[in-house]
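Naming follows writing order (A, B, C and D), and every chain is counted from residue 1.
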């Protein structure tokens, strides 16, 4: 694959070359997003299941 | 020749969330004709479409000419003709092109000649080459009748055959039904014109909300 | 070190519970509660391992900790959605069954949720690591397209009312989508590649690997629980849709 | 009666679609103008920089083609469902697989002709030349067109029966076509801009592979879409 040769120009860009400092704000954001997803999806599923059970109970 | 033109056993059909037919059973002896009545939305068209193997029962079994519709659709289709409410026509093709298309798909030898004869028979000669888009409802019905005749069916399914036809057309339609019966074709006729229908048929099935109903 | 064995032990418990569910139907009433409890507990402990217990990585500093969330999301999506393709083939070729259809629906929805969030997390991680939120990397694009394909799949399912047609057509769409994922992978691979090579656990510090495995097991339990409840919901909805009509008015009158 | 075989039936269905296209030439013209208008919009959207325009010519050609093929694909099944004409075909009886082959072939041809018609305009608007020769471009356009048509025909058959079909078709179709879009655009860009590193063959091969995967898969699943089961 000749196109892969081009990929060499685009190798990972490590900022500064040495160890990266800081960046905790990205970690916090990511955790907030993930937890929001976990809670919101679980909640929506729980509400739907409860709604369905209520509907079947009425029958 | 199978004993029954069709046999339906405990057939139900769902469309979306609605039951178009519910627990329907009926059999029609071969060679007999059936009058199918019922209000709009009572399931007549659904039943005819299922007999034509266009769609299949959700529950229950259905045999046409002695064969299960779901399993043997390819064998049943050449022997069953459906004159439907929908015209089944390509709006941008002419009557002649529409007919020739189906004739070539059925593998009819000499398709060109057969189609020309049918066009003449349903009196569409003068406008047979115009696109169907320009036709009136009655003319479309005539093309549909020609399509029915293309098949020489063992079971003919007629959904509102008199609708949209002029008085002359209705007479010809009646003659056509008589002709089919004389040939021994089994026939299902769905119509709101009950007296006319009863004159032409042997048996009657009244549908009420997709079930067999009492005739009032 | 006992902590090292923790993920594997928890995985064994989860697998044991699933086996219980499959082998002994009587256990089904409590198996899922236990598994849900396990998932919740693991989620509560996970930040400790991922954010404090694991050391800072030599090259990538602290932001690498995002992979403890990002990769499990992505792995689970890449488990759920291809499974949906397999079930779709099963539905069309082997057996038409409502259970298979309901399970496909559950897997697609959970997969889209996990894949969507995981993709977002990936781009948050990419910013400090690569300097950009998005790059045309095979894994990134394939994952993104996968989520989009199954969003379309879920939309289609909502737009068709007839349950049989819905099941058949969505299975068709899923199969075409499955073929597409493979092709997208190769197309983008030809296009260019800058993604980090997945490091094999031998070369990485054990204290970095353990939280990773722990997170994977946590998300595996979580996904199983979600899929199970979503599946039950889909099946209940299906049961209502496909209930046959009652047998009344069976009199046959011929005039 | 001697029912025709698969190939003959395919030919009849294909011929029918062509007949309809020919009788509704006005619609075909409108489609072409739509594609041209899209191309023009891209031209104005990108501004006047000649370098950028040359680099993007291939991409815009394909995007214009993608957008217009959504229209032509949805039209292709609208006329089948308008009077339930497809039902008459099925009951004739016609093999659903032949229907797929015929319609997909017709859609391929239509996209291809559209693509060929757009080439001179692309050359004029974006100031490119066909560096790698016309035959290669024609081949690339043909492979790209067939790649759109196979999944496009299946999706259009599905979308036409669902609610909100106009939104549903591109929603389902575009993500699936992304690999083919990447390959089509890459190969066309190389043909238009020169191919010093000999990469075009890979892309054309990939497009061929895409077709090789999708035509058989669609051929097999299409009957499930149009036949009740």
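Rule of thumb we're sticking to: a contact is a pair of C-beta atoms (placed from the backbone, for glycine too) under 8 Å apart; a residue touches a chain by one contact, two chains touch by 3 or more.
Given the structure is predicted, the values throughout are model-derived calculations rather than measurements.
The chain with its Cα centroid farthest from the Cα centroid of subunit C is B. Comparing per-chain C-alpha centres with the mean over every protein C-alpha atom, the closest match is chain D. Between subunit A and subunit C the centroid-to-centroid distance comes to 13 Å (mean Cα coordinates, whole Å). Once the centre of each chain is set as its mean CA position, subunit B and subunit D turn out to be 37 Å apart. Rounded to whole angstrom units, the spacing between the C-alpha centres of subunit A and subunit B is 57. Residue positions of subunit D touching 2 or more other chains, listed in rising order: 202, 228-229. For subunit C, residues touching at least two other chains, in rising order: 164, 190-191. Against subunit A, in their complex, subunit C makes its touches with residues 43, 47, 51, 56, 58-63, 65-66, 69-70, 73, 113, 117, 120-121, 124-125, 127-131, 135, 190-194, 196, 222, 226, 229-230, 232-233, 236-237. Residue ranges of subunit A in contact with subunit C, taken from their complex: 1, 3-4, 6-7, 10-15, 19-24, 26-27, 29-31, 33-34, 37-38, 41-42, 45-46, 48-49, 52, 56. Interface residues of subunit D, counted against subunit B in their complex, comprise 1-4, 9, 12, 16, 19-20, 23-24, 79, 82-85, 87-94, 228-229. Within the complex formed with subunit C, the subunit B residues making contact are 12, 14-17, 19, 22-23, 25-26, 58-59, 198, 203-206, 208, 210-215.
Put simply, subunit C touches subunit D in their complex at residues 92, 96, 141, 145, 148-149, 151-152, 155-156, 159-160, 164-165, 168-169, 171-173, 175-177, 179-180, 182-184, 186-188, 190-191.
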